[in-house]
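Just passing along the structure, written as structure tokens.
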Amino acid sequence: MKAELLTYTPLKTLKEEFPGLGWRELLPHLSYTIAIEKVSRACSHQLVRHRIASFSQQSQRYITVKRLDEKIVVPSSVDESNIGDYIGGIHAASESYQRLVDNGVPREDARFLLPNAVETSMLVTMDGKSLVHFLGLRTCNRAQWEIRTLADMILDQLRAVEPEIFTHAGPYCYQLGYCPEGRHTCGKMKEALERYGV
Amino acid sequence: MKAELLTYTPLKTLKEEFPGLGWRELLPHLSYTIAIEKVSRACSHQLVRHRIASFSQQSQRYITVKRLDEKIVVPSSVDESNIGDYIGGIHAASESYQRLVDNGVPREDARFLLPNAVETSMLVTMDGKSLVHFLGLRTCNRAQWEIRTLADMILDQLRAVEPEIFTHAGPYCYQLGYCPEGRHTCGKMKEALERYGV
Amino acid sequence: MKAELLTYTPLKTLKEEFPGLGWRELLPHLSYTIAIEKVSRACSHQLVRHRIASFSQQSQRYITVKRLDEKIVVPSSVDESNIGDYIGGIHAASESYQRLVDNGVPREDARFLLPNAVETSMLVTMDGKSLVHFLGLRTCNRAQWEIRTLADMILDQLRAVEPEIFTHAGPYCYQLGYCPEGRHTCGKMKEALERYGV
Amino acid sequence: MKAELLTYTPLKTLKEEFPGLGWRELLPHLSYTIAIEKVSRACSHQLVRHRIASFSQQSQRYITVKRLDEKIVVPSSVDESNIGDYIGGIHAASESYQRLVDNGVPREDARFLLPNAVETSMLVTMDGKSLVHFLGLRTCNRAQWEIRTLADMILDQLRAVEPEIFTHAGPYCYQLGYCPEGRHTCGKMKEALERYGV
């Protein structure tokens, strides 16, 4: 997985022009563009559900898929004892896919056999308000591990360049001072406050 | 695949209250809710890209997957000569998935082996303006076959209940009187006008 | 001021189809259309700031304005001692407006003299999630009185037809159990809980 | 009226990273922030109707209004023969407003007497796709003169810094090669093509 903050609106630029407005009021005017690489299609499916963002993603309709086992995401729960089964499943999918293509099935149909594990890349743009909301949901302990790792990676880069804003970002329990998940809470708010606190 | 128009705002209701407004002006005030069943995850990934809509979709994170071969979408390009390879690929994925789960890999990680072909269901709500735009893009000859079949199925139901609006809906070439795809045009506008014309 | 719930998606319809989904999950699929009459242009300017809604509003560009003093909103802080000044200001605006029109100034320019007090009407459509958010902000004690009166009027009608959902709606302090306004709090949360509680 | 492009995402930055994507595909990832000053409240009311944008606007609820006649917009159709009536109307509003405030009416209510002509300032942020759409509608001959002047002012600055994109922007007749206004057309498409062509 890789996430790179490509370009963003510096808070400083707008603060100089509007000294009366705080960073919270300026958030909707700040734009962040991030290049995301080597995340699974399972992860990209979750990402594009965030509606207040712009996404560009390579389509699987037309691409050529070769050596699938070099272009997949492997969850950390797949360890030595399971990796054989995991890679075996990927190989089988890869071979069936190739056989269909060789027999004349269009790539856009053969890709029905490709697994969620296949890597994809995306360009994502969000305004500051949506981004802080995204981080509130996705750095949460309850988020799925892949999108959570991605959110943490993005947060680290944002804190490095815009600490004034993003030291306030993190899971919602950290942003709000209480856990909004109710009975679904992970119960580890104290650890979260320590981890994200500065 | 199944698509059922569950509920919608009758145009008549608003026209009675606002006799001065035409259906085009009322479109943003009309709401349509559609239950979609048995489409592939490849299709649902495309669907949720339409941002001006509300989606509810069953997550694959927690569900139990059994007898995968009964719950998959088979493209029509997969015929007698290929179906063995196709089902073989699905079976292999299914078995690898099951072995991982049996060995203690969490379902949310094991699902990385599940193919795009796996069926999913969604509840979709769009306002009339977004829906006419969706139909303009997705009943187009250039749309991928699965989402196109879905869009046609939805259009048929809409024309049956609200002909005043939806006889005007169909691919953009039919809506606009020219093809906006430029050099990517399918070149079959005449056929499209005949098919969707009333 | 008048607000009338013209049409809405009954929760019951969707619950029957999706017994597994609660009203909170169904909120984004529910649509509410409300006709608003006799609010000031000051109020409509605030209303259209709510972006997740559809609005149709009569434009002042082309309309004929006559007897302006019959078509204005009078704040309750304007009492016997002030009403003369208030109406006087309206009359002066009305006369200047009419004189400009009589002298050939286009209506779309003459309307630059029309005051915020002038009445307007709107058709508003929101989904359930946006509506509960709108009510959270606008039934709050800190909201401007006109939009607050409007929000209360809308809430009353919604509670009458969909109590399962809208007994949970009201100012954010009532929805959340704490006041999110921080140091800007009105300090009257107890009264709010009593007023909106059921 | 004043409009100043404060900050924007340079197309170059994203093109270097994604040489395969053209400017049209990158438009949703580009962000433009513009400071707008000295437009009428009539104009700001129109502006905030563009939903795919972020706005920050000074509220009239709490501000002190003094010397109103120095802070108003005067349409060009108000010439020597009418300016007396125009300023007279503004003066009358100003005086009634002041008298109400002096008598203890809250400013948020006294402002009901303020005319549409009163100046306001805004900070607006749009992504590139929404901005090209905004320009398509608002540089059109049929747009109201004030928002059209504003749109032209914004377009000039955009063409100066990002000609690769914005030489393609202008009224929809210029963008599309035909007038989408149908029977409401201004009939001057040829002049528009000459004016905006490069």
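Residue numbering begins at 1 within each chain, and the chains themselves are lettered A, B, C and D in the order written.
We take it that contacts are C-beta pairs under 8 Å (C-beta built on N, C-alpha and C of every residue); 3 or more make two chains touch, one makes a residue touch a chain.
Since we're looking at a predicted model, the values are computed, not measured.
In terms of the stated touch criterion, subunit A and subunit D have no partners in common.
Computed from the mean C-alpha positions, the centre of subunit A lies at a distance of 38 Å from the centre of subunit C. Per-chain CA centroids place subunit B at a distance of 36 Å from subunit C.
Chain centres here are Cα means. That of subunit C falls 25 Å from that of subunit D. Along subunit B, no residue makes contact with two or more other chains. Shown here, the protein chains touch around one cycle, each chain meeting exactly two partners. The list of touching chain pairs reads A-B, A-D, B-C, C-D.
Remark: subunit D residues 40-42, 44-45, 48-49, 51, 55, 60-61, 72-75, 77-78, 81-82, 85-86, 88-90, 92-93, 95-97, 99-100, 103, 105-106, 108-109, 111-117, 144-145 touch subunit C in the complex. Only residues 6-7, 9-10, 13-14, 17-18, 21, 25-26, 28-29, 31, 33, 35, 54, 56, 123, 125, 127 of subunit A touch subunit D when the two sit together in their complex.
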